[in-house]
Amino acid sequence: MDDFYRDYILDHYRHPRNFGRLERVDAHAEDINPLCGDQIRMELELDDGVVKDIRFSGKGCAISQASASMLTERVKGMKLADVAKLSKDAVLEDVGIGISPTRMKCAMLGLRVLKSAAIGELAGWPDEE
Amino acid sequence: MITVDGKTERIIADFPILARPTSRGKRLVYLDSAATSQKPRSVIQALVDYYEQYNANIHRGVYEIAARATDEYEHARVKLAHFIGAETNEIVWVRNTTEAVNLVAYSWGSANVRAGDAILLTELEHHSDLVPWQLLAERTGAELRFIPVDDRGRFILDDLDALLDGCKLVACAHVSNTLGTILPLDIVIPRAHAAGAVVLVDGAQAAPHLPVDVKALDADFYTFSGHKMLAPTGIGVLYGKHALLEAMPPFFSGGDMIRKVGYASTTFAQPPRRFEAGTSNIADAIAYGVAVEYLQEVGMDWVREHERGLTGYALRRLAEFEPRGLAIYGPRDPAAISGVISFNLADVHAHDLASILDTEGICVRAGHHCTMPLMEKMGWSATARASFYLYNTEADVDVLCAGIEKAARVFGI
Amino acid sequence: MITVDGKTERIIADFPILARPTSRGKRLVYLDSAATSQKPRSVIQALVDYYEQYNANIHRGVYEIAARATDEYEHARVKLAHFIGAETNEIVWVRNTTEAVNLVAYSWGSANVRAGDAILLTELEHHSDLVPWQLLAERTGAELRFIPVDDRGRFILDDLDALLDGCKLVACAHVSNTLGTILPLDIVIPRAHAAGAVVLVDGAQAAPHLPVDVKALDADFYTFSGHKMLAPTGIGVLYGKHALLEAMPPFFSGGDMIRKVGYASTTFAQPPRRFEAGTSNIADAIAYGVAVEYLQEVGMDWVREHERGLTGYALRRLAEFEPRGLAIYGPRDPAAISGVISFNLADVHAHDLASILDTEGICVRAGHHCTMPLMEKMGWSATARASFYLYNTEADVDVLCAGIEKAARVFGI
Amino acid sequence: MDDFYRDYILDHYRHPRNFGRLERVDAHAEDINPLCGDQIRMELELDDGVVKDIRFSGKGCAISQASASMLTERVKGMKLADVAKLSKDAVLEDVGIGISPTRMKCAMLGLRVLKSAAIGELAGWPDEE
């Protein structure tokens, strides 16, 4: 686990990319990891089914924040339909090795929130807020 | 300075898990006893003996092993009563503190709390002594109030009498699981009684660590869990003054808590049996008796002194990291807290800190410690928590500090 | 004729208690598995392993032993789900069958049952599947009805549709603990569903002895206890269809079943966690997983066949005493009952009979078996009950018969 | 335990003395042993503080019925105040050796009922029935 906290992880933790809120929000979702209390909100601006802009907000550990931050970089410009199909591997590729199984939920929190925003938007779910 | 007296060394030798290295070959430094304690060999052996020698259902069996199981089970109740200074028929077996609080909330609460009544809690209650009262308030229309705490988690009792006005019930933790704060029950209980309120004390963090005498405290209900005090998971105690228990309607119903059953109606047994429906957790109750015997042999005064010394040492050692951004929450006076210290290292999230400590064999808890409202009030999203018990030593604190040093290095602090 | 095949012999060797003579030097002949079963070595060892190697509180711990405890605990849930053909998130851990029934009566019952609704039970329910419904009926003004049984305890289903009219719930034992009668769920459940009723099956005596598939049965709730099926005391299961569980309000509240807690209100977790408040009985849940693994290795079909053969043999052997006044209650067809036989010897009271059998190392239960209304209806003040499990043999039945012979001699019969 | 069932015990079990109900009842009590379901009712006719007549009724095992039967013989003619003070030893003397601890409650059921009838009468308890 100690070898997980590489420089680029700490950099994303301390200087998260695409952090904040959007003016125009076409899709969003929010969740909390009840095990540790980490929270993440994802907001998306869409243009013809493509992620034009994205912001995340929340608080939590280096794993959840860094992986959410990297995820936002990865999906900008992606088709929403492809975002909805993103797999765990995408996150693991971003964050690299060393996460212990107990912390896997932290790493996947951002992905879960992003995917539910995407799937919700695609399926036309009623807005929950 | 590392001192392990002979007594602590002998105690450590009684806990098999402490002799087992972690998968990375580190010594297990267990600093999470506030979550659950480790178990001495005699408690584990009590389970084995039960299952290998006299496992049988109790109370209604006439044969030899059923008689022995019944005797040992009821004898464990006597031991628990003795441990907290109660009468035997005031000890109700439950699964854990949470069940005990819920039992009171449903049975006593539904019978006694009405719309407009107030229930007084404190701001640092564990969810288990908060949510059941929220639900009761919702069912009945009662009002919840909270004894406030200051920014170090010390109780502010200035407005106590006003808070107690119109109160049916006070429910409060004897010791905070997040900050270790000890509630001054000698002030709160008499004033609650003077105001006509019944007092439930959540003793989950107190019964394992302090000498507790429910009669001297004059608590009406006192709840605690075996697993936090050397006993197995799955067994706990609701203490209630007998007159209160006797006036309470049954809660769970079924086998073993009845006197006479017809198709249409039922007569219930006296407490404590009235509240123990179905086959009890026989083995774990018996082992719980062995656990409190162990604690009594060590001496609860010794346990308290041992932990106080250790907490003082830990507070001093942790303070060395303060210049590098380590924050210690809760009171800084070891006499005012039980062996629990919550802290954070600079901008390292508690979960990351705990993960790095884990690589060194150190077990600490990280998160909200089931006290989300307190965390929110204080503005902490998570804390790391080290908690001590009779088998911990100053050497454990030193390993903890070395682990924190490592985390600081990893995070470039 | 005594036959113990190799398989039974190997099974017996797995149960340490069966190798221990009684204080009078007799072989333990344990014929009380309907009250609680004995435990194989692997189940006892699972407890020891947990406490000696990885005891820690679950779900929120990031360190190594907490992770292992969480994994093993959740894996046990998977095993239990597999054992009864359920989904993992349909398995709620409870203390025992009694708690499971009460949980449904309070949570589902209070939300769904109204004055004028009917609840249909049978006349041979265990108190644990009777009294909670009496109390619910009292709270709500619902009406209790009973599927009648004839003088041998066989169900009379002629008026089933009339009984089901206006029914919100049917709650019935899969197998009677007093007479062994197997309820024809393949008839009752579809007709109950057709009438719009939800069906809770009390499987306390079925899950240990018959292959059970809750999806094939289409039961809405299915409740059973670990201690009757090789697992420790203190752990049991409430199975509920996920959609039903999801619509149910929480019951116990506190740590570990919440999503977000504020001082004023709380958001609850999804089932099954929503119903598991406080520190779970971690060790016993893990050992329960080992117990059902043991049963699956033996094979539930084998268990059923073994007990059916034994019951047939016992019925034949006991019939030899009928000319001397031995009365056998319940159906005489081993295919219609699980391995439970209730009987009385002439004017010898069941408790006296059980005491004399005890002197020969034989454990049988005597009394009302927590089915007082059935006993009263039948006019029996008490019966002796022998019940079989996978470790019993025809030799045990022979010892039982020799014991009955002795009792007859003592009482001059 | 098997040596407990001596002839005189079985005789009292099968032919209980003073079994039935009284015409005139000055004191009575009834109880049930919830562990086994044994029931015993005791009825007393008093004359100037002395037990003039007594009957017991109920059902149960040989131990509870025989010991109740013997007890009724013992207390006829006794002062009620002395009945209230009867100890376990009186019963043990009557029934002899061999009762296992599990069955002691059965042996003492009659005594418990009788004593509560006596104590209740002496204390002027409100009649419960």
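A, B, C and D label the chains in the order they appear, each numbered from 1.
In this text, a contact is a pair of C-beta atoms (placed from the backbone, for glycine too) under 8 Å apart; a residue touches a chain by one contact, two chains touch by 3 or more.
The structure displayed is predicted, hence computed values, not measured ones.
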Using CA atom averages as chain centres, what separation in Å is found between chain A and chain B? 37
Using mean CA coordinates as chain centres, what's the chain B-chain D distance in Å? 47
Multi-partner residues of chain C (each touching 2 or more other chains): 60-63, 66, 258, 260, 351, 355, 358, 366-367, 372
Chain A residues touching 2+ other chains are 35-36, 100, 102-103
What topology does the chain contact graph adopt: line, ring, star, complete, or other? other
Which two-chain combinations touch? A-B, A-C, B-C, B-D, C-D
Chain B-touching residues of chain A, taken from the complex the two chains share: 1-2, 4-5, 10, 14, 35-38, 59-63, 100, 102-103, 106
Spell out the part of chain B that touches chain C in their complex, as residue ranges. 16-17, 20, 22-23, 28, 32, 35-36, 38-39, 43-44, 47-48, 51-57, 60-66, 95-99, 101-102, 106, 123, 126-132, 134-135, 144, 146, 225, 227, 232-235, 250-256, 258, 260-266, 277-284, 351, 354-355, 357-358, 362-367, 370, 372-373, 376
What residues of chain C sit close enough to touch chain A in their complex? 59-63, 66-67, 70-71, 258-260, 269
For chain D, which residues count as touching chain B in their complex? 32, 34-36, 100-103
Spell out the part of chain B that touches chain A in their complex, as residue ranges. 347-352, 355-356, 358-359, 366-368, 372, 375, 381-382, 406, 410-412
